[in-house]
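Take a look at these structures.
Two complexes follow with subunit A in common, the first pairing it with subunit B and the second with subunit C.
== the complex of A and B ==
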C-alpha cells in the first residue's frame, strides 16, 4: 500500500504539572503513551475514550498545535513537526478542524464571510479576492446554507447552522483530512442527525478523511469505518467499527459498550460494576502492569506484572490485553 | 388507585416579551405516584426543564403560570414563597445537569450537604455531620478518601454529581427531580450514577422524575414516560408500551434520528454507501411564534390538511384495550419503528 494520508507514529506527549513547591523538581504527566494510527484518504477513523483519556490531546497533536515529546505525525508522508514555519503553513491547507462548541468556536464579531475566508487569508496569501468569494459561495452551498448567510453574524444562527458554518470554514481550503473533536456533542438529536448526514455527504463528495473524536459510541458507529479505543493515553483496541462494537475484545471496550443505555433493553439489569473509576492523576505513577488492571474484572496475576502490547487478533482488529 | 404524589393539571407558562407573548408550556398534565419513575424526553427548548422548575417553584417571577401543580394536596402554583421554601429541598429535591456549576465553589461539600439538614430538620451540628458522613458513604464516596471538608474543585465530574445526589437526598425527599443528571458525564460514569439513582429510588420509595434527551436512558430507568415537543406533551404512556409502538411521528423521528436507533440495524456492506440517519427536517418553532395548529406539522412526514387546522389533543390511543398510552396526533402511527 502507498503512504497513508495520516500516519501517527509512537506519539508521546507529556504535560508539566505545576510544581508542588518552589524547590521540588517539575512533575510531568504523560498524556499520550506512544500512540500510533494510520488513516487512508476518504476513510474515517473514530477515537473513543472517556474524558482525560487523551483524545483531544491527540487531536491537537495531529493538528500540529501541540508538539509531542517523541514520535511523529505524517500527513501525505511529510512529518509536520520537522517542517519549517512556511512549509507547515502550506501543509495546514491539507488538514482542518471542527470543534465541539458551535458557540465558542466562531468569533461573534466577524461576519460569516470573514469567518470562512480566514483560513484562505492566513494559509493562501496572494490569491485574488474574486476566486475567494466564489469559493465562499461554493462551501456555503455545500453545507446547505444560502449565499445570503455570508453577510450575517453567528448569533443569527442556530447551533446546527453554526456547526455548518464551522464545517464550511474547514472545507474552504479543500483539505484532505478533517479532525473533528466532538462535532455533534452539543447538538440535539434531530439536528445531530442532520449534521452527521451532511458530514457523510461531504465525505463522499470531496473524498475527505475524518479523524472523528467522540465519547458517544452511537455517533462513532454511524460515521466511522474504523475505531480506536483509547484509555489513559494508550490505544487498547483498534479495528473495523462494527466488529469492535459488536464483539469487543478488550475488557475496557466491553465495559464502554455495556455502559451505553440502550432503548428496548427494558429496565436496568446489568451487573453493577464493583470497581471504582481510576483517576488520570493516578496513572502518572503507573507500575509495570497493565494500566487497566486496577479496574479490570478479568485481571489475573500476570496483568499486574507485565503490560500487554497491542497485538493482532483478527485481520485488522487488534487489542492490548493478555487475555483478549 | 390512591392519590398521586404529584398531579400537574393543565399547566401553562408564558412570558411577555415586549409586544410578543411566548407560550412556553401549554396544557401540561401529568401525574407521578410514590415510588414511581417517570421519564420526560425531548429536545432543548421543548419545556422539559421548565416543567421541572415550575414544580420546584424556581421559575422567574415574570413568567406567568396557569393551571395547577398539586403536590400531596397543596397547589404549588399558588402557595407563597415561605411555604415553598419549606418544601423545596425538604420534600422535593432536584439534581441539576451541571455538577460543575450547581455546587458552590467556596463552600465545602460537607457544609453544602448539611445545610438542608440543619435548616429543614433542625439538626445539631454534630448530628448533621454524622448524616453527611452517612450520605457520602451511600452515594459511593467512602472515607478516608472523601470527607465533608473537600471542596468541589477537588472532585471529578462524576464525584460532584454524587455530591449533588447526596445533597438532594439529605432530607429524604418524597420526590426527586433529576434534570439530565448524566449528560455531562462519560458513559461508564453515567452507568454508575444511573445505578445509584435506581437503587436509591428502590430503597427510599421516593418518586423520580428523570429528564433526559436520551431514549436509551428513559428505556432503562423509567416505568412511564412523556415526550414533549414545543411546550406540549405529544406522547405519554408506560415506557414499555411507548417503545413497543411509538405513535407520535415526533417520537418516531427522535428515535430514528438517534444513533442508538441506527446501531440496531445491520451494518453496511464494506465499501457500500454509508447509511444515512433519518433526520427530522427543519427546526423547532420559535416559542414566540408557535403555530395555532400542530407544532410538528411542518416537520412531519405524515401531515395532512387537518394537521394544519387545529392542535391535536392528547388522547388515549386504544380506548378498547385499556392501555395507558396517549398521543397528541390526528394520525397516530401503528407498529414498530422501522429502524
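== the complex of A and C ==
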C-alpha cells in the first residue's frame, strides 16, 4: 500500500495544569493516550466524542499547532514535528483548517480579500503573485460567493456566509487535507445542510480529504466515509461510518448512538435508558483496567484488571472492548 | 459623534493651537522682564496680567503649553514605544518571558510614579529632558500591562489559529492581527497617560525639577504665584486653569475616542 495522506501514530499529548501553589510540582493531565489514525487522499474521516474527550486537541496536533509529547503526525510520509521551520511552512500548503466559530475565525478588521490571501502570501512567498486576485475570485466562486464579496468585511456577512469565507481561505492554497473542527455546530440547521453540501461538492471537485471533528453524529454520518469514536483520549471504535452507527460494537459507541434524540421514540419510556449518560472526564485516575469500565453497563471482572486493545472485528471495523 | 468627543476635541485643539501659535507669535516675549509693570491685573494691554517680574502671563501660558505638550508627547511615546512591544511579547510567548515581564512591571508599579520621577530627575539632574524620561519610564508598565492583558484573549481567537495554520509567525500575527485589534484601547489609554503626564510635568516643574527657567512652564508659574497669593491671587488661577482644561480636554477626548473606536459600537452604525 502506498503512503496514506495523513498518518497519526501513537500521539500522546499532556497538558501541564496550573500549579496549585508556587512550591508544588507541576501536574500533567494526559489528554491523548496514544492515538493512531490513517486517512487516504479524497477520503473523509470523522472523529466523534463528547466534550473533553480530546477531539480538538487531536485536531490541533494534526494541524501542527500543538507539539505532542510522543508519536508523530505524517502528511504524505513527512513527520510534521521533525521538519524545519521552512519545510513545515512548505508542508502547510497541503493541509488547512476550518474552525467552529464563524464569528471568531475571521479577523474583523481585515477585508475578505486580505483574509483569503493570507495563506497565499505566507505560504507561497517568492512565487509570482500576479494571479492572486484571479484565484481569490475563483475560490469565492467555488464556495458560492460573488467576487464582489472580496472587498467587504466579515461583519457584513451572515454566519453561513462567513463559514463559506473560512472555507475559501482553507481552499485557496489547494490543500489535499482539510481539518474541520466542528465546522457546522455554530450554524442554524438549515444553514448546516448548505455548508455540508458545499463541503461535499468541494471534496469531489478538488479531491479533498476531510478530518471532520464533531459531536453531532447526524452530521458525521452525512459527510464521512469512516468514523473514529474517541473516549477520554483513546480511540474506542473505528470503522466505516454506516457500519459503526448501525451496529456499534463498543458499549460507549452504543451509548452515544442511543443518546441521539429521535422523534417520538422513547418518549413514553423515559426512565428506561438511564445507562450511558455523560461520563465526566475523570481521566487522571487511570488504573490498569478499561477506562470505560466505571460507566460500562456490561463491565465484567476482567475489565477492571486489563485494558482492552483496539482489535479488528470485521474487515476495517475495530473496537477496544473485551466483549465486543 | 458624541458630545464628549466634540468638547474634548475642541479643548485639546485649542491648547495645541495655542502651543503652535506660540512658535511664531506671542503678545510679548515670555521672558522679557519689565519690573515697572509687575503684578498687574488683566487688562487690554496684558490680557491675563503680569507676574512679579512684569512678564506677560498670557505669553507665558502659551509657551508653557508648548513645553507641557512636548514633555507629555515624548513621555507617552517613550512609555508606549517600550511598553507596547514588551506587553505584546509577553502575551505572544507566555511562560517564563511573560512571568519575567510581568514581575518587572509589578516592581515598577511598587514605587509611586511621581516619587520615582522625582528620584530620577534628582539623580540625573533637573531639566525638561530628564523630566520626559522620568515620566516616560513610569508610563512603560502601564502600556506593557494593558497591551498584554488585551492581547492575551486575542491569541486564543480562531483567526489567530487560522493565521498560524497559514504559517505566520508570532511577530507577523502580532502586527497583523493583535495590535490592530487593540489599537483603540491603546489610543484611549494614551490620551489618559497624556493628561497624567501634563500633571506630572507640572508637578516636577513646581518643585523645580522639570522645565528650567527662564523657559516658562505651567507648574513653575504656579509655584512662583504661590508667593504672591495675597497680592495677586489671579496669578495662580490662570496656570491652574490651563492645567485643568488640558487634563479635562484630554480625558473627554479619550472617552469620546473609546466610544468612537469600539468595534462593537461601530458595528451598529
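By definition in this document, the second predicted complex is superposed on the first by the 309 of 324 C-alpha atoms of A that agree within 3 Å, B and C clash if a C-alpha of one lies under 4 Å from a C-alpha of the other, contacts with A are read in each partner's own complex, and residues count from 1 in each chain.
To be clear about the criterion, contacts are C-beta pairs under 8 Å (C-beta built on N, C-alpha and C of every residue); 3 or more make two chains touch, one makes a residue touch a chain.
The structure displayed is predicted, hence computed values, not measured ones.
Contacts of A:28 after superposition on the shared chain: neither subunit B nor subunit C is touched. Shared-chain residue A:119: touches subunit C; no touch with subunit B. When the two structures are aligned on the shared chain, A:305 is found in touch with neither subunit B nor subunit C. Legend: residue contacts after superposition of the two complexes on their common chain; A:51 is shown touching subunit B, with no touch to subunit C.
Subunit A is touched at more residues by one of its partners, and among subunit B and subunit C that partner is B.
Contact with subunit C, but none with subunit B, is seen for A:63 once the two complexes are overlaid on the shared chain. Of the two partner chains, subunit B is the only one touched by A:242; subunit C is not. In the superposition on chain A, A:204 makes contact with subunit B only, not with subunit C.
Within the superposed three-chain model, A:17 lies out of touch with both subunit B and subunit C [touch as defined at top]. In the superposition on chain A, no subunit A position is in contact with subunit B in one complex as well as with subunit C in the other. Contact residues on subunit A toward subunit B in their complex (touch as defined above): 50-51, 158, 160, 188-194, 196-197, 200, 203-204, 215-219, 221-223, 241-242, 245-246, 255-256, 258-268, 270, 272-273, 276-277, 279. Subunit C makes touch with subunit A in their complex at residues 157-159, 161-168, 172, 176-177, 180-181, 263, 267.
Taken in their complex, subunit A has these residues touching subunit C: 60, 63, 65, 88-89, 92, 95-97, 99-101, 104-110, 118-119, 122-123, 155, 166, 169. Interface residues of subunit B facing subunit A in the complex, by the touch rule stated above, are 43-44, 140, 156-158, 186-192, 194-195, 198, 213-221, 223, 240, 243, 253-255, 257-264, 267, 273-281, 283.
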